[in-house]
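Consider the two complexes below, in which chain A is the common component and chain B and chain C are the respective partners.
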Partner chain A sequence: MSEPKYQTQPEFILREIGDEAVLVPVGAVGELENSIINFNETYSFIWKQFEEPHTISEAIENARREYEAPEGVIEEQVKGAVDELIKRGVLKAV
Partner chain B sequence: MIAESLCVSAESRTEVRDKSSDDIDIHSLILLAKEESVLSIVYESLRALAIDDEDKAFMDFTNKGTVTDFWQFMFIARDTLGLLSKNGINAVILKGASVARLYPVPESRKSTDVDILLENPEDFEKADRILKNAGYVNEDHSYANHHREYYTPDKRVMELHSMAVEPTDNVKLNKYVSERFASIGSEIEKKKVLSVVLPVFTDGLQAFHLLLHMIMHFLGEGFGLKLLCDWVVFWNRKVEDGEVQKFLEDVKNCGYEKFLAVLTGVCIRYLGLGVDGTGSLTESGNYIYYSGGVFCERLSSETEDEFMREIIEGGKHKKSGTERMVALKGDGILDYIREFHHQTILSFPKAGRTIIALPVLYVIVLYRFLRNNRTVRGGQSALGILKSAGERSRLARKLF
Partner chain C sequence: MKAWAQPLATVEKFVANEYVAACWKVVCDLPAEGANRFVKGGHDLGAYDAIGGEHRQGSCGTEGHYSIVLDENGVPTQMIEWQNIIDKNLNCTLYTDGSYTAVKDIATVTTGETIYWTTVSRQAGADQLFQHYGHTTGTDNHS
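Take a look at the complex of A and B:
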């Protein structure tokens, strides 16, 4: 069975202003409605990876090309961030 | 720096930056930008300069607040307009997001509240009931100057308006403005502001409202650089000729040609209006043109400088949250009395109708003006305050 692909949802937009990155829910998104979520570099990177449909493995591979970190750290961070974004409805399987 | 920040394209920004002087006291500039509510507008340009860590932290903190406020007010605007619409009440957003959408970074325009205008003023009490049922609170139950202030359930300020601008002491002008905004249904359009759809004025009416709003503040407590920035971003884009013509007709009918000229002239001279050549206005000789013809004839550079000084002074008053002596139509005692009467009616809309109360109300209004002006002007005497008001009045007489 092939690995699922995920994509960001149009109910959210990422705004990068200076060094700040915030995720803004602009549609009906339940518990996150009318909130503004501060994104760190990892989350911003993940968001951009999934603007087009990608698998988690592809995102990890791209992160490895972009950042240097001890074995397993990148994988752990990407998976953790993706899980969180899926749980919040920011990323959905396509 | 503001000119640079308001350019849409990166090439134009670089070109404008290259023309700027390197000899800048950055710390003072940051404080001035904060005072004028434009710090977030010049944020990126300031960050490109060598600033120390303390200033950077201050700017980041301020900018973060502006961005957060912008989105919170956007949500309030969307939810309030949605709530009213669901109950059959049409309304439009005034200033705020409707202008912010024209900035290179919409979140950079500082907001302190949300202003909503009802399409039909007769819906006011119905809208009031709907909002209160939804948890909006109006503490003082006032309805001064045709608007009412509410705290939203998350304690933000939202103002509901039944008139686009507050009335002046010119009855004929009030009548024109009131009629002009009486049936605006066809001049409201839905626009996407960073993915959020909001009802806004079409360009001609938007320009007219921005101008009226500035005039109202100019003749009242003054206004700062932020409103000039609005004027720059509005015209630094293509506006259809038909909309420009509609706007110019309104300006002519109100006799505001000279104010339009000094405002636009100052924006060209100091704030980069028309600088990247992609907007609606161009300058040639003493005239400013749009693609359909003459937009306005410029006033003298002395008058433009005088106007700019007034804007900076107005910004100080806005920052301190105080009122100042308004510009008057003349220097005579009758002009002062007439203005006090007008201000009294605006400040005390109900009590002001009772003739017997008027002398007491005049004294209160006079005391407030002198006290507030004294605070802002560092202990200036009452005579000095009246003299300054006289200078403003002379500029006002040149413009109206």
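Take a look at the complex of A and C:
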């Protein structure tokens, strides 16, 4: 069975301001309405992996090419971040 | 290659300002449909003017046609005639009595009080002064 692909939802817009990035929910998005979400660089990087549909494995692979970290850290933390984004409805399977 | 940092996201929630303006309703107590209109400069119940403007139950005689807007402390700040038939919303000037000579500080108005006020409405190319009297009703109508 092939791995599912995920994509960012149009109700969320990423805005980069200098070195910072904020995710701005627009429209009716449930618990995140009337909020802004501040991303650090790596969270922003993860977000961008899913602007087009990608699997989690693809996102991890891209992160490993871009960043260095002890074995297993990138994989664990990318999965954690993606799980959170899915739980909040920011990423959805396509 | 760059050093990986744990992905971090922080949510900042905006809380809407909960204050909304409260209003009192005001209704003009002049007689019903076809009632006479005060004309400029007079406290005269007896005559229609040449334009035929008059107090009507369907407009100034309708509760809610006017509102007194309250600030966050419940103090009146402004009285408005909503959607006048000719103009849009009009500001009202309050007076202490039916002579319409001494202006009343709107902040001193209380609910249930009989108040006297004027509005100026441009009709037939000229500003016409309308004089009314009526009473306020306290309400939880929020705008």
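Just so we're on the same page, the second predicted complex is superposed on the first by the 94 of 94 C-alpha atoms of A that agree within 3 Å, B and C clash if a C-alpha of one lies under 4 Å from a C-alpha of the other, contacts with A are read in each partner's own complex, and residues count from 1 in each chain.
In this text, contacts are C-beta pairs under 8 Å (C-beta built on N, C-alpha and C of every residue); 3 or more make two chains touch, one makes a residue touch a chain.
Just so you know, these numbers come straight off a predicted model, no measurement behind them.
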{"item": "Partner chain in contact with A:I36 - chain B first, chain C second, else both or neither", "value": "both"}
{"item": "Chain B versus chain C as contact partner of A:G18, first or second or both or neither", "value": "first"}
{"item": "First (chain B), second (chain C), both or neither touched by A:L91", "value": "neither"}
{"item": "First, second, both or neither for A:V26, with chain B first and chain C second", "value": "first"}
{"item": "Chain B versus chain C as contact partner of A:V78, first or second or both or neither", "value": "second"}
{"item": "First (chain B), second (chain C), both or neither touched by A:A59", "value": "neither"}
{"item": "Most chain A residues touched (candidates chain B, chain C)", "value": "C"}
{"item": "Overlap of chain C and chain B interfaces on chain A (superposed complexes)", "value": "34, 36"}
{"item": "Contacting residues of chain C [partner chain A, same complex]", "value": "1-16"}
{"item": "Contacting residues of chain B [partner chain A, same complex]", "value": "43-44, 47, 60, 63-64, 67-68, 71-72, 75, 79, 105, 107-108, 154, 194-196"}
{"item": "Footprint of chain C on chain A - complex, ascending", "value": "23, 32, 34-43, 46, 63, 66-69, 73-74, 77-78, 80-81, 84"}
{"item": "Residue numbers on chain A that touch chain B, as the complex places them", "value": "10, 13, 15, 17-20, 22, 24, 26-27, 34, 36"}
